[in-house]
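One chain, subunit A, links the two complexes that follow: it is found with subunit B in the first and with subunit C in the second.
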Partner chain A sequence: MKENLLKGRLFAFLDLALLLVIPLPMGSYEQDILIMVLFYAFASTAWNIICGFVGTLSLGHAVYLGIGGYISTLLLLNLQLSPWVGMFVGAAITSVIGILIGFPCFRLKGPYFTLASIALGNIVLIWVQNNEYLFGIDIKGAMGLLLPQTGNQAVAFEFAGKLPYYYIMLVFLLVVILVSRLISRSRLGYYLVAIRSDPDAAESLGIPLVRYKLIAMAISTFFISFAGTFYAQYYRYIGPDRVFGNDLSVQIALIALIGGQGTILGPLFGAILLVPLSSFLSEYFGGTLPGLHLFIYGVVMMLVVFYMPNGIHDYVMRFFRWAEGALWKRLPVSKAASGKAES
Partner chain B sequence: MLQSVLLSIPQGIILGGAYGAIALGLSVIFGVTRVINFAHGSMLMVSTFAYYALYQLLGIDPYLGILIVTPVMFIVGYFTQKLLIKPLLIRERADVVEPTSVMLMTIGLWYTLDNLFTMLFGSDYRTMPTPASQSYLSMGNGAFVTQWSKVIAFLASFAIAGLLAFIINRTELGKGIRAVSQNRDAAALCGLDVYKTYSIAFGLGVAAVAVAGACLSQFYFVQPQTGAVFGTKSFMIVVLGGLGSIPGALLGGIIFGVVETVGAQFMTASSASMLSFILFILVLVFRPRGLLGRN
Partner chain C sequence: MSAIIQMEHITKQFGGLKAVNDFCGDVEEHSIVGLIGPNGAGKTTLFNMMACTFPPTSGKVRYCGRDITRARTSDMAGMGLARTFQVTKPFGSMSVLDNIMVGTFLRTKDRKAARQKAEDIYRFLGISCDPDKASCNSTTVDRKKLEVARALATEPKLLLLDEVMAGCNPQEKLELVQVIRKIRDSGVTIIIIEHDIKTIMTLCEKIFLLHRGEKLVEGTPEEVANDKRAISAYLGEEFSNA
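Now for the complex of A and B:
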């Protein structure tokens, strides 16, 4: 028992240390890919809190990401409010919007919910593309908003190199993973899983379906809006085609589904598999094959549905257990620990 | 102003006919298999590329090309169901995974096909200078002008609907399809091969969208994004009209066409396409079974 605890601690520490040092020897291009891995892992983990645990498939979650990014950016441009603060304002507003949208939509079942989420995504996308002002605030329509380049200002969420962005996203990701782990072990998590496996049975046991779905929705949209702020700060730009488009929504969903719907680390595994794969292949084929990265998402999705209906999560975990076990036996610590256990 | 609004209504009805023609196949597939085929738009896109290839390589007019492309697309649909979807349906009966896997499979197929064609052919806008796409129907001294190809698409939608209704309601094959769609277990007990019927229904739906593709390719671009544009609209149209209802798909299509065309008189055309999505959400919230849907 004690040995397992020590082993678990040790490898958790090693994994974290690996995540901390991995970008250090890398060039700017590789660091960019790592940041995108974390970005997608973060967004997909947030998506997973509502769509994975409850099993409703939203293909419009990029909307919440975009709203969060737009709010913090507009606050920065118009009121010079630091994005560190604007991020939380955006998250609060986004989760209210999430609840308002979720309230009518959660009555819809299965594919109807998915279609409604696609329609909502399109409504927001088309509206922003065709309107210059929202409540008198200049949102620049289809052009999108450019953020000022003022150099290296930690207070303004702006850095010269890529490394700070990597560590910020890493912290975001660890927080959202921790939150989804807490949820999955809380009463809320058990309710959500009960709702996913059999909504009628869950309701007859007295679980108020809509209320718990809305709580999960609020948490999910709260976190995914941070990804929007991060996106705007990192690229110094936010525009409707990218953050409200169908492709981002589908990417977020597919990463979580391929990784393992409803698992805690699944979205991270999905992002680690898909983001570098599609980036390297797109880079390799240069501009000759547009659409290649989304093609890969589609093919991997089909393969996963066919051969690993629960995603790659279980296989990756099994591999890690095996690797950790093999490594553990070779470590001097293990002999000491087992020796202690015997005495 | 009033005149242009009034004149936009028949324009909308004609455009809506084309929408309906595209949505019909999706409705048939859903009605029988209860599967929402997210790859429906991609099938449409693939068929328009087939017509384009026939036209460019052999000089075959798309309307004539229907005779070649539609049977091929029937086979494509048949085997899509047989090879990709049937194994999932069988697995789901054993209740191992959530019933979303078929939907995810078709979403994967949608992204695979759309982006495969983007990779192969780029996102250029291709057109075919056929006689139908270049001749115009003009009425009232040019007050009402539309392409003949759109009128043909409108008429074709009724032809496709009639043919599908005939196959389903009047033939022996259709009897099997109806039996399976009403109760697949009872149909299986009567000795029907349920999955084969599913495959045939899938093939019929894809064949129907291939006919619509010939009409569409005459007034719209041949382009990989076609799938996303018309596929998304087809889902909305089918839900609006009532999933599985053939007249519902036509009616839903026409409503969509009218809303978008009349809306475009008051705002830009791209803003107007937002209206149909709003309409769709209202229908979902207030009448989820659609206008002509069975309960």
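Now for the complex of A and C:
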């Protein structure tokens, strides 16, 4: 028992240390890929809180990401409010919007909810592309918003290098993973999985379905909006086709599905697999035959879906357990720990 | 003793079909009441209206004196009315114990307390499979017991059991009869739908016999067993001497 605890702590510490040092020796291009891995892992983990635990497939979640990004950016441009504060304002508003949209949509079942979420994405996209003003605020329509580049300003969420962005996103990700772990071990988590497994049985056990879905929706949209703020700050730009488009929505959902829907670390594993894969493929094959990189990407995805319909999560976890066990045996600490246990 | 649930002239119409027609009946507290009848007689439909899965077309359901005819399904467990489903509905991806915990969480927010109570119920019902195993792999009898365990976990006053013994062998049925008696002795009123007449005759104090949506006979097991209409509609000759 004690040995397991020590082992768990040690490897959690090692994993964290690895995440902290891994970008240090890398070039700016590789660092950018790492940041995108964390970015997508974060967005997918947030998506997973509603769509993974409850099992409703939303293909319009980028909308909430975009709304969060737009709000913090507009606050920065018009009121000079630091995005550090603006992102919380954005998250609160996004969360309310999530509840308002969820309220009618959660009455839809199965594919109809998914269709509604796709429609939502397209409505917001087309509306923003064709409107310059919202409530008298200049949102620049299809052009999108450019953020000022003033150099290295930590207070304004702006940095010269890529490294600070990496660590910020890492903290974001750790927080959202912690939150989804807390949820999964609480009454809320049990209720959400029960709703996914069998809504009728869940209802008969006293679970009001819509209320719990809305709670999950509020948490999910709250967190995903931070990804929007991060996106705007990192690229110094936010535009409708980037953040409201179907591409981003589908990508967020796909990463969680390939990683393992409803698992805590699945979205992270999915992002670690898919984001670098798509970058490397377009780097190495993008120039040789047009579309080849997308073809290979598609084949990899099909293989995963075919052979691991529940995602790669369980396989990755099994591998980690095995690797940790093997490593542990070679460590001198383990002998000391087991020696103590014997005496 | 007072009635825990009263049904007053309940009718349920599905399109042109009257699944339940003008049903009246009371169930006394702390009793075991059987609901029998041929397939399609409207037994499960009646359960669904008691559990507020859907409201009757006309008529009233009173539970502990309150009109619950149009109450929300999810409010019923909190009021002390729990049910099981004819086709078992385990939360497949969850372990057996986690399944029961979904029920115990109704009365407590604390995970440890919920788990403790779930373990008690698991032992009380004598479920034989591994509590930490995924529930989708368990045997029929364990699935049926799990269904009861989950309902029991909500601490009901009234428990509706829909064919919990279907698919079990005689030995398992005997075991379940004992479990049901134990549940009743702990202060729970039970209404049970069952096709095994012998079991129902030994278990129940009162029986409703439904036929084509209508209440044909109501009475003690002896009264029902000797009723001519009951014999010709459902029981057949062999029970007339019971």
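As a convention for this text, the second predicted complex is superposed on the first by the 327 of 343 C-alpha atoms of A that agree within 3 Å, B and C clash if a C-alpha of one lies under 4 Å from a C-alpha of the other, contacts with A are read in each partner's own complex, and residues count from 1 in each chain.
Here is the rule we go by: contacts are C-beta pairs under 8 Å (C-beta built on N, C-alpha and C of every residue); 3 or more make two chains touch, one makes a residue touch a chain.
For clarity, every value in this text was computed on a predicted model and none was experimentally measured.
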Partner chain(s) touched by A:174 [first = subunit B, second = subunit C, both, neither]
neither
Tell me which partner A:57 touches in the superposition: subunit B (first), subunit C (second), both or neither.
first
Thinking of the overlay built on chain A, is A:289 touched by subunit B (first), by subunit C (second), by both, or by neither?
first
Tell me which partner A:277 touches in the superposition: subunit B (first), subunit C (second), both or neither.
neither
Just to be sure I read the superposition right, which of the two partners does A:208 touch: subunit B = first, subunit C = second, or both, or neither?
second
Where does A:302 make contact in the superposed view: on subunit B (first), on subunit C (second), on both, or on neither?
first
Residue by residue on subunit A, keep only those touching subunit B in one complex and subunit C in the other, then list them.
196
List of subunit C residues in touch with subunit A within their complex:
51, 53, 72-78, 82-83, 85, 89-94, 98, 101-103, 105-106, 109, 111, 114, 150-151, 153-154
Given the complex, residues on subunit A that touch subunit C span 185-187, 190-191, 193-194, 196-198, 200-209, 262
Please name which positions on subunit A make contact with subunit B in the complex.
55, 57, 59, 104, 107-108, 110-112, 114-116, 118-120, 122-123, 126-127, 129-130, 196, 246, 250, 254, 257, 261, 289-292, 294-295, 297-302, 305-306, 309-310
Would you mind writing out the residues of subunit B in touch with subunit A in their complex?
36, 84, 87-88, 91, 96-101, 103-105, 107-119, 122-123, 224, 228, 232, 235-236, 239, 267-268, 270-271, 273-274, 277-278, 280-281, 284-285, 288
